[in-house]
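Heads up, the next two complexes both have chain A, just with different partners, chain B and then chain C.
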Partner chain A sequence: MTTKHISIATDFSPYPSGRYRDDGPFPGQAFRQDILAPALRDFEEVTVDLDGTNGFGSSFLEEAFGGLIREEGFSLDMLKRRLHIKSSRQSYEMRIWGYIDEAVLH
Partner chain B sequence: MPTHESVVNWRYLTGTHAEGEKIANLLKSYQEQTSVAPPEGLYDVLNEALINVRHHAYPKDTLVPEDMRRWWLFARFNEPTDSRPGNLYIAVYDIGTGIQNSLRVKLQADEIVSKVKDELVKWLRLGRTYTLESLLLKRAVEHPRSSTGLPFRGLGLPEMRDFVLQTNTGRLYIISGAAQYSCLPADNVSDCISCNPAFPGTLILWSIPLERKELAS
Partner chain C sequence: MEDFTKWLPSLLVVIGWIIVNHQNNKRETRKECRSLIDDAKAAVIDVAAKAVLYHTEAKKELSVEILAAIDALEIECERLPNWVKGCPLMGCHAAFANAMTGGDFDSAEVEKKAANSPQVISIVRTRTEMLSELERIFRVHYLGGGSKPS
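Coming up: the complex of A and B.
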């Protein structure tokens, strides 16, 4: 089984912020399109490590993870099997799965 | 050179984008002066405030000059002492269209009633009421709702309120156009009132308690 570990702090930025590419230098859309979605296509399991950053606003998290359903065409079932979230703040993980669930509904 | 803490502890930032590094450096500069840690989630809500400016404050038809289409952030830190708790005051301001104006495009039924009521009072020359302004601001803060109409947008303002509710004694004020929203968890206040004359733009102000019990180990 192929696995991929993504640290947002080291593989993307310690300063994630914003939703779309023109919001700023490190928005959720860029993380999803450049790093997360390709990893989910190339590896059987992907772990996203949220620790080490300064934090995440809802816009970043919704666009990065809700966008996997809305924009990238992944299914909820596939994400539940292959996407793993690692964070010392449990609320982030809960919110991410909440955004993914909401994206499925809409 | 000024030396009083109420002067020297102010910080000031301005920009046009969601610039997380600026926010992180600001919080770091405070943390270097004290062992009191700001509550978790502060970076998150400050970034959301900047993104809201970016997305909503200055629509394409804005009359605001291009070099003024930006946000300004002011912050002041008070170190806690044995006799009083500390505070972190943070204000984010923009001179844009206001939260309510960006939501007026798609009014719900009861909001249309409020609008008619406001216009009737004005037409009858009975003064001015801002029922709709207050209603829209309160709803934008307490429920995800975006001027885009997209269900996955409009998350930032509710996130700011949730953040303050978690601090117990923190305070959040949002003044936009002709309405002011206040969230004071310690007093169980979460309300929106009209303010006249209307405020130019949007001001979001947090007062975040920094108690000695939060001293980092």
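Coming up: the complex of A and C.
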């Protein structure tokens, strides 16, 4: 089984913020398009580590993770099996799966 | 019988000490928890005020402080009883964080919003829910009362 570990702080930026590329240098859209979606296509399991950053706004998280359904065409079932969230703050995992669930509904 | 009456005063002293000690411990735990809850409530009120300011005055410079405060608030909550994945307080925290950092938060152009805009109303509403849940935890765990969450 091929697995990929992505640390947002080291593989993307310790200062992720904003939704779209116009919003700044490290928005959710760039993380999804450049790192997360390719990893989910190339590896069977992907773990995203959220520690080491200054925190995340909903705009970043929603675009990065909700966008996997809305923009990248991944299914909820596939994400539940293959995407893992790692964070010392448990509520992030709850928020992220909430965005994914909401993207499925809309 | 004579033996028993001889030991009775000492026995009563020991039983009395156990009861008083138990009550003191309970009171201390309750005081510590009250202080934890009050600290968490102060943090909720403080970060909500900053988030309202962010959205009504388009004060983008508050972004870093708000994000850090959301994490700090979760650290406070982790010290409370029953902080487990999916607990009601975690749900309130997530909704509160979503309300504060939703909409055009951290976007290139942050629009100044009215004090009665949906975004601000959502921040105030989720702040109140968070404060209520913190009080409910205190009631349930330390006063032995209160209703369970729906």
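The rule is short, and it goes like this: the second predicted complex is superposed on the first by the 106 of 106 C-alpha atoms of A that agree within 3 Å, B and C clash if a C-alpha of one lies under 4 Å from a C-alpha of the other, contacts with A are read in each partner's own complex, and residues count from 1 in each chain.
We adopt the following convention: a residue touches a chain if its C-beta (ideal position, glycine included) is under 8 Å from a C-beta of that chain, and two chains touch if they have at least 3 such contacts.
What you are looking at is a predicted structure, and each value in this text was computed from that prediction instead of being measured.
Following superposition onto chain A, is the placement of chain B relative to chain C best described as a clash or a fit?
Clash.
In the superposed arrangement, which partner chain does A:P14 touch: chain B (first), chain C (second), both, or neither?
first
Once the structures are superposed on A, label A:F56 by its partner contacts, choosing first (chain B), second (chain C), both or neither.
The answer is both, since A:F56 touches chain B and chain C.
Examine A:F26 and indicate which partner it touches, taking first as chain B and second as chain C; both and neither are also allowed.
First partner only.
Just to be sure I read the superposition right, which of the two partners does A:E102 touch: chain B = first, chain C = second, or both, or neither?
A:E102 sits against chain B, while chain C stays out of touch.
Who wins on chain A residues touched, chain B or chain C?
Looking at chain B versus chain C, the one contacting more residues of chain A is B.
Does chain B (first) or chain C (second) touch A:E93, or do both, or does neither?
It touches chain C, and chain B stays clear.
Between 25-33, 43-51, 79-87 or 133-141, which run of chain C pushes into chain B after the superposition?
Among 25-33, 43-51, 79-87 or 133-141, the clash with chain B belongs to 43-51.
Overlap the chain B and chain C contact sets on chain A and report the shared residues.
Touching chain B and chain C on chain A: residues 17-19, 22-24, 54-60, 62, 89.
Considering the complex alone, what residue numbers of chain C touch chain A?
Interface residues on chain C, with respect to chain A: 63-64, 67-68, 70-71, 74-75, 83, 85-86, 90-91, 93-94, 97-98, 101-108.
Flag every residue of chain A that touches chain C in the complex, lowest number first.
17-20, 22-24, 54-60, 62, 89-91, 93-95, 98
Could you pull out which chain B residues touch chain A in their complex?
Going through chain B, the ones touching chain A are 17-21, 23-24, 27, 40-45, 47-48, 50-51, 54-55, 151-152, 155-156, 159.
Mind listing the chain A positions that touch chain B in their complex?
13-19, 22-27, 54-60, 62, 66, 70, 89, 99, 102-103, 106
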